[in-house]
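Everything on this sheet refers to the single structure shown next.
Labels run A, B and C following the written order; every chain starts at residue 1.
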Amino acid sequence: MALLEINGLSKDFGGLRAINGLDIHVDEGEIVSVIGPNGAGKTTFFNLITGMETPDEGNILFGDLNVVGLRPNQILQLGMARTFQNVRLFPAMTVLENVMVGQHCRTRAGVLGAIFKTPGQRAEEAIIEEKAKEVLSFFGTRLAGYRHDQLSMMLSYANRRRLEIARAMATEPRLLLLDEPTAGMNPRETVELTELIGQLRSERGFTIILIEHDMQVVRNVSDRVVVLDHGVKLVEGSYDHVSTDEKVIEAYLGRPAEREG
Amino acid sequence: MTHATTVTAGPAGGPTRRVSRITPVSVFLWGLRIAIVAVILYGSFLSISSGRLTASQWRDLLVFGISTGSVYSLIALGYTMVYGVLRFINFAHGEVFMVGAMVAFYVANGLATTSLWVGSPVVSLLIVLISAMVASTSVAVIVERVAYRPLRGAPRLIPLITSIGASFTLQYLVRGLVGPSTKAFPRMEPLRGTFDIFGLVILRSQVVVIVAALAMMGGLYLFVERTRTGKSMRAVSEDPETAALMGIDVNGTIVRVFAVGGAMAGVAGALWGLVFPSLNFFSGFLPGIKAFTSAVLGGIGNIVGAMLGGVSLGVFESVGPSLVLAGYEIPAFSQLKDVVAYAALVMVLIFRPTGILGERLAQERG
Amino acid sequence: MAQVEVPPAVVEVELRPAPPVDMRRALRLGFSGGAAMVLVAATGIVATFQERMVIDPILPLGLMFLYIVALAFGWMAGQPPQTLEGFAPARVSGRNYGAGTLAGGLAGLCIGVLVILMSVFDLRGVFVELSPALQSILTFDLAVPVAVVVIAAISAVAGALGAGIHALPTRTKKTLLPALTWVVIFSLMTDLFGQLFTGLSLDWLTTRLYPRRGGPLTITGAVIVFVVFLALHWYLSGRDTSMRQQVSAMPRRRRLGVRTAATGALLIVLYFVPQVMGPFVSQILVTAGIFLLMALGLNIVVGYAGLLDLGYVAFFAVGAYTAAIFTSPQSPAFTPQLALIAALPFVVLAAAIAGIMVATPVIRMRGDYLAIVTLGFGEIARILLNSEWLSPYFGGAQGITNIPDLQLGPFHFNTPQDYFYPIFLFVIVAAYITLALQNSRWGRAWMAMREDESVAEAMGVNIVTAKLSAFVVGAILASFGGSLYGAQIGSVFPHSFDIVVSITILVIIIVGGMGSVPGVALGAVVLIVLPNLLREFSEYQFLFYGVLLIAMMLKRPEGFIPSKRRAQELHQEEVAQDAWLEIYGEKGATGEPIPEGKT
């Protein structure tokens, strides 16, 4: 059964049709990569399915529910979490706090509980902290120990990307959306993250949709690849199938010039 | 934007489901809209039918509203241009206006004893106007240089707070320099009395204000639409990064925006003396807020909008209490004149933040 | 944090010479400084402050203030340029002094010009403070040409001194400057210290320092203060780590012990303050306490949730008027005449409703619009409370009087000294609430919303609830302040609920440090206690606020005592740390594994 099913999705921005009649499905447990040249509408696609933008037309079915029109925090509660193309952490909060925010939707303590330090609230806080540390430990020593109390703005670029993934993981999602997770990383870091993405599925059971530009990553990690261009799905299939498809090559590189004569 | 849905299962692959827009917040806001319109209409009905004011009295209120509104429009231009370019509310702009008014007062005072005042009122008025413009422009540019430019990239709340600081600093500097007493503008003999225009009798001073304001706004409009500097301003307003890539001196353009806004505020300051005879160091606060309201009312970033918004607000404020509040037999309703302005501000920002003519703003980055 | 040893593999790099001090900048600073000095003189600051002696009989405050401006600009002009990557660090040379002297001298010449102008024209028609008295002060009663030279010379020297500060070794700076500041503090706060010493039965100290009753510091007194604090700061600066760091480094239990002991000591001191300090100072502290209470409330709205509420005074008014209506026999419409304690639940309810009413329309508004709308609400509230229309309920411009004093069982509070305690108690409660919320689910949600609203929403925070709850909590705290204010003063008038109050509270939290309780407390001290203690300053109080706000935003937007998170300093770049880890693996340079919690 498809975890995520999208039918006829369309979105206009002013005069520009950013997404045009998109049909995509993602099955439980899959890792799907979405690729395409710049401006193809990939991030807009993420914005639409997470509720940060509203589509003009189309259905977005997550599990059995049509989530069009829900607020992003409601969609998150249903189990869809994302990272951002230009890393958007909470800069003045510590590493641990950033991840603990992810647990907000899974907990209930209110202002009064915090003021009167009820046993329920204290227990919940302990659980939140536990879970946050557990999620951070997924990244080994990179975000461990003394790092927990560092402000997230002080982290190195690669660590910030990892932290963003950790924050998304802490929301206990079923579906994880990663927007260019390896952008700006050096080859060693990229390899490490590629393995990590695989582990996200194998160890943690997340279904993953990935927007990527780095074809090595796409090849190594995806079950299936979807190619977008100008808001439309060009091709989908395995990496090998897609990478040799003429339309895809044309989208990225352009049509070869007509020969003279 | 305030929409949500009650979650129900939709059929897989079914037709598009319409988004339900009913939430407690939206219900509250709609209720508020209806209540406000009802209150206004009913109050107006009561006032007019009770015949408290004659037609010519209503006309007087209207003209007064147009003339104060013209002054607000001039000040609003500064707010709207700066917001359009930098996306920030220049709290200190009201004080830029006040400085212009102060300078206008002192120059007028000085001239009033000379023969120029009586002999050539037009020349005198021009001298006052130009002095006020120079003063306001200088203050605007200095504040930009000292307090705002270093904070160009900062998160938005910081320059806002700085501008509050600049506003206070200017107010109390002026208070220290010229004292807390209220100044009274000298009378200009040729401006006493009325003009007879198409059978309507209007105070001369009000006519001068309206004409002068229209002239300045017309000039500004031409400046922005036709000249190169104006074009740079519009470009920077739309997209500063691309403008810079096209070779426009963004920093210089921003300074010019402040300068032009300041000049307009200076004219407003000079004209203030013709509408309201008294002035003190705190006189910039209320007009500043009202001018900002006007700018938002017309559509922030939009120059024609600022003009429209200013006049509209002036009229609302002048006619409103007598029209709406008097109908409900509210005692001393003229005390509540400022409430009309504040209420207009609040309502515009809640119900139609893009204003009447729509916003024209620099794009958000990222 | 421990110093990192640079691994021997690093190559020695040729450093380029540092850029020289920019003389043209010194010139510009000279003119700006001159403008500042002229403004200081022309707004009457010099004349007003001249009455007060800093050190009797030689150093009057007015002129000192004037020439400190020159010193400040000299300091700016003489500042060594920032050390850039690949350049040698700049050293202070004669050129720095030259720049300082230039800036100072030029500034002094501007005053000279003013003096010349004043001698030729009578400018009092426009600038009311340019009186002969001022002229006399500025020129030291010398002939104008001589005076101009003298003024320029003094300013030049002040500028040079300012530049010279850069040449001082750090430890000297940390000793000398605070000691001088203490001298100034002691000289300005004669009433405060006089009262303090008398209250502590240390009269001999009072007579030694301030021989004339209520008079200024004498030379002997100044010397004593200077030496004492010189020694104190010398000791403090000699230690390797600051107290804050030392405490943080302690193991958890000991740290908790130190904190509790310190807080306990502070509480004990504060308990005795009203008795020792007398009614005048107690009243000031009471006012400061009320402002502090409200600042803690606004701290949650602005500091945690990032909602710039410029109409916060409205909640203060709601609290004050609700308390007045429910307790006073003079309340126009409705006189239940409850005790203040019994009225408090209604106050809280009214505040909560007000908070919801203000918050609901502004939920989807962007930050700057939210600021203006809340400003509008605050002003509407004031005008309505003042209006004749609503005076049957609120008393109009006459307000509501005869609010009875606070009574808690056998305790009957009526003097400022009495009120100090309940207000202080409420401040403690507010501080506790602030801290409790900081490390809680909603505290984090608010901060996330402040940092990036759309991302916070995408991470599960319900923005509507978050904003509503922030406003309500802030409103309730402000309303406590309002009700205590009403009870203490005995009446409420609409003109006390001016926008200036909202701005003052905002300045308190910004200057002190948003989000940090000690910071906000410091802010309240600086902004309420100081101006009220120094009567000459109270006329220029708001000018001071405005300049302070601009200066803080430009230089130190996180405030004087930023919250711990903002105070975190890194001695090394994070990237270098990663690289270091890579070279040496998970064991440090010494081959030992890195223990938890240490660098």
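Some observations on this one:
The rule is simple: contacts are C-beta pairs under 8 Å (C-beta built on N, C-alpha and C of every residue); 3 or more make two chains touch, one makes a residue touch a chain.
Keep in mind that what you see is a predicted model, and the values were worked out from it rather than measured.
Here the chain pair with the top count of touching C-beta pairs is B-C.
Farthest chain from subunit C (centres taken as the mean of C-alpha atoms): A. In whole angstrom, the spacing between the mean C-alpha positions of subunit A and subunit B is 45.
Taking the mean of the C-alpha atoms as each chain's centre, subunit B and subunit C sit 33 Å apart. Among all residues of subunit A, those that touch two or more other chains are 71.
Those residues of subunit A lying in contact with subunit C across their complex are 50-52, 71-73, 76-77, 81-82, 84, 88, 90-94, 97, 100-107, 109-111, 113-115, 117, 121, 124-125, 128, 141, 145-146, 150-151, 154-156, 159, 167-168, 171.
Of all residues in subunit C, only 39, 42-45, 125-129, 306, 308, 310, 360-365, 367-369, 371-373, 375-377, 379-380, 383-384, 386-389, 464, 503, 506, 510, 540, 542-543, 545-550, 553-554, 557 touch subunit B in the complex they form. Those residues of subunit C whose C-beta lies close enough to touch subunit A in the complex are 433, 436-437, 439-445, 447-448, 451-452, 454-463, 469, 473, 565-566, 568, 570, 574-575, 578, 586, 594, 596-599. Subunit B makes touch with subunit C in their complex at residues 1-2, 25, 28-29, 32, 87-89, 106, 109, 146-147, 150-151, 154, 156-162, 164-173, 175-179, 289, 292, 296, 330-333, 335-336, 338-339, 342-343, 345-346, 349-350, 353.
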